[in-house]
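Have a look at the structure below, then the notes.
Chain lettering (A, B and C) follows the sequence in which the chains are written, and residue indices restart at 1 in each chain.
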């Protein structure tokens, strides 16, 4: 009865671990190969575009792509962490971004706190929401052996509850954070908004910190072990509950921060913001290889770049579709993404 | 066991429906649906003979965008409709006619699908004439699925899409807002006036929807017909993650002026992106009614709009009618003035006046009289002389109602033949001021 | 302005309201029949049903309005197009893991909606597509003429009748198919895909057929949606409608075709009845509350009663 079948509706099975060393190698996608190939591809693309459209336009759009890539990456890393550890595709993740943005709004505009404090508050609040969902929803369901479909549907339900709950409280009119979205800085003939630059810097610092944490700290090692094989991790004495909670703290916290940064960069927030970003986040995650945090980072940046460069080729209206197209193309051609391993996806 | 669960659930549904119903039985706005003509005989001494049937009960439905993209217009629109109702009641009392009117409103969520549902529900609830909906896309949908089919006229206060004039609607679709055919030409004329000629390049942009696309394309044609040059139009989606590239395109090439058609919700993002390019000068921006409000909302960076000019359907600037409307609007407290509020006031009035002229609230009868009561020939009156006007209609006379927004004078397509447009400008403090007005007349 | 509840009683008890609910419920029952086939009986998670609905409805509309076809010819053609889309989608993606497949299907549905929004020349974009239903309206008027005079003013009644006849026929068809050898293979695939494969069944082919059939059902639901509104616009195909479909699916019970109709009626009654509250300040909140309720209902149902109303516990395929 409890066969190893991977029918859609059975709880996902864990692969056998093949040792810690292999786990590390897995994290970097089995070597430098994909990284080098990707970099080469991007460089070639950039060159081709420069020839066609001139350095300035390509570079400016690359800057724009970097900005959107920052919050894509932040959101994607959280999404992939949860998937990696829990094998849960969290359709409510986008709404965690929205939640973060509105928490920041509450702190920054309603309570008058400075933006940095508000961002921190948003991060903590969203992390708390993530942990709450883990305690109240995911852990009990795991205990009951809930299947994939059940969990997916619950994430959908949660997405609705968060999004429309926010709408109930704050309405549908756009809101703004107390931040100057008009100041911009020029460098090398290019322009970037001052707030946008801060977004990029903060995003990168946080991402690097997360990366270091995953690599070096014991918590990070435990998270990776869990991601590799949960039952084996348990068997080796890792307190899986604690690690899972930690995963949620990071994932949700990152999502909340991403929401704040997105709003600061673009200017306004509405209850829909997370949902519209969600598919782009999926694209980034899958592009980078699901379960791979560094992959998600790269995927996010690449997606931002691709979207902005596409405006050179197509009408800007189609920009968002680029993300979807990438998503589908990757899944069809190379489902493990750029940096993932084959077994993870089939 | 399953049957038990099922019947329990059905019972729950039934109970909640009943609870909603009982709660709803607490009055609506004014007893529409109570017995016919229970009014006391008033001493409204109309010397002329009243034709039969000047007593009926009418329910006017008000479709409003209380939520969604157009929600800033919803509450003021509703207030304007309520004002119309109270004015009508005073007028009825003064004229001594025994009719009653009630309003019922419903939220269209600024969405065509919801607008259709809401319209159908209002009609199910007894409404026989609808003021609204607001968005052009909503009006197109309601026109197609509800208005002609259910023989209920709709009078939109704000749908300006030119396509509405051409609808095959059996005379059930009307609007107190002029077609964008008019406004796009009016805006082009205004740009020409403000710039002092047509030998200029305009950079065009708009939000990617019915309102934005339609308007900007007509503007492009109008400007090019004058011999001017244009770049674009750059069409952008309301839900993009990033607007920087589009903004860069709009400002590229140092155009002489920009024309951007949008609503506040999206312009909050686009405006910021425009200013960040470092090349955007809002005093060279022209726009339309979607971005017109008594002051720049705080979701828009001030530098993105301060100094910008635009046109919007307006109310004649001076004149007793407009001032009186402004007075009663202010006195009612609540929502501040908003574009198209007066248009909704007029739309609600017209629903009643046409019913009175027809002697019946039946939708088809109302639809037949809408043109007659709004246009010459006939005795003209405004809402300030409502009592006289109502008395005249009840006596069987021809009338020509002039609204707050102007003469209206519906044509055969249900459009106002003359529209007052205002040219407005945002000051550096973000406050809108009307610079001048002009009347635009539909051609042919 | 005194905040009062609107004359909801009149509207709630009016025949027009219930007929409207009935049409919506029937439309989404057909929509969810497709989901039931995919999820409940084949075990594939199709989150893209709204996309098939859109393809069917728009194909029909475009053929009639842009290419001048007759409605009656456009209907089967559009169904074929939607079915082909299902196959095209499934071919490269059905071999993926279930959760990846779910993501692909959502992306597909969003792409379809995005194209509908932007390919203005073809689909009318956000302005929408109108004018495709004249032939239906003629038929509808004729049907109305056959009905007793007392209901002659209920112009949606013919559509209600046709929709529920379709629901009955399609439900019957699916139940028949389920008992057939084909249906048995599908069930085997749902239970244990590897075992079915080991028995020599071409699992991919069966899954493709399942999704193709679901696409056709989605398309048919799309026609009823289009005829109901006389108007097609991209926002009718937003992902939330697929999620509403899933709520109906779970409420009615997985692996029960009959439960689908029941679930649909309940959900749409709830959704439509809550439009009536007319508090100006709370209107926005009420609109949002409707969907919060849907979300909570979905969570609670899935957690505590995954077999829904009429599903059987043994059929509870959500567990291992």
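To be clear about the criterion, a contact is a pair of C-beta atoms (placed from the backbone, for glycine too) under 8 Å apart; a residue touches a chain by one contact, two chains touch by 3 or more.
Everything quoted here is computed from the prediction, not taken from an experiment.
Once you've mapped the touching chain pairs, tell me: line, ring, star, complete or other?
Basically all the chains touch each other, so complete.
Check A-B against B-C and say which one is joined by more contacting C-beta pairs.
Between the two chain pairs, B-C has more contacting C-beta pairs.
Could you state the distance in Å from the CA-based centre of subunit B to that of subunit C?
Taking the average C-alpha coordinate of subunit B and of subunit C, the gap between them is 34 Å.
From the mean C-alpha coordinate of subunit A to that of subunit B, what's the distance rounded to whole Å?
42
Touching at least two other chains at once: which residues of subunit B meet that condition?
Residues 67, 71, 208, 237.
Listing for subunit A: what residues touch at least two other chains?
Those would be 171-172, 317, 320.
Using the touch definition from the top, which residues of subunit C touch two or more other chains?
If we look for residues of subunit C contacting two or more partner chains, we find 118, 284, 287-288.
Provide the residue numbers of subunit A that touch subunit B in the complex, in ascending order.
By the definition above, subunit A touches subunit B via 60-61, 64, 67-68, 71-72, 171-176, 180-184, 186, 191-193, 196, 262, 265-268, 270, 272, 276-277, 280, 304, 307-308, 311, 315-317, 319-320.
Give every residue of subunit B touching subunit C within the complex, in rising order.
Touch residues, subunit B against subunit C: 2, 5-6, 9, 13, 16-17, 20-29, 32-33, 66-67, 71, 75, 78-79, 82, 104-107, 109, 111-113, 116-118, 120-126, 136-137, 140-141, 144-145, 149-150, 161, 163, 208-210, 213-214, 237, 334.
Can you name the residues of subunit A that touch subunit C in the complex?
Going by the criterion above, the answer is residues 2-12, 87, 89, 137, 140-141, 144-150, 152-154, 156-161, 163-165, 167-168, 171-172, 271, 279, 282-283, 286, 290, 317-318, 320-321, 324-325, 327-328, 331-332, 335, 345-346.
Enumerate the contact residues on subunit C facing subunit B in the complex.
1, 4-17, 20, 117-118, 120, 125-128, 130-131, 137, 155, 228-231, 233, 235-236, 262, 266, 269-270, 272-273, 275-278, 280, 283-284, 287-288, 309-310
List the residues on subunit C that touch subunit A in their complex, please.
39, 43-45, 92-93, 95-104, 106-108, 110-111, 114-115, 118, 189-195, 240, 243, 246-247, 250, 284-285, 287-292, 294-299, 302-303, 306, 317-320
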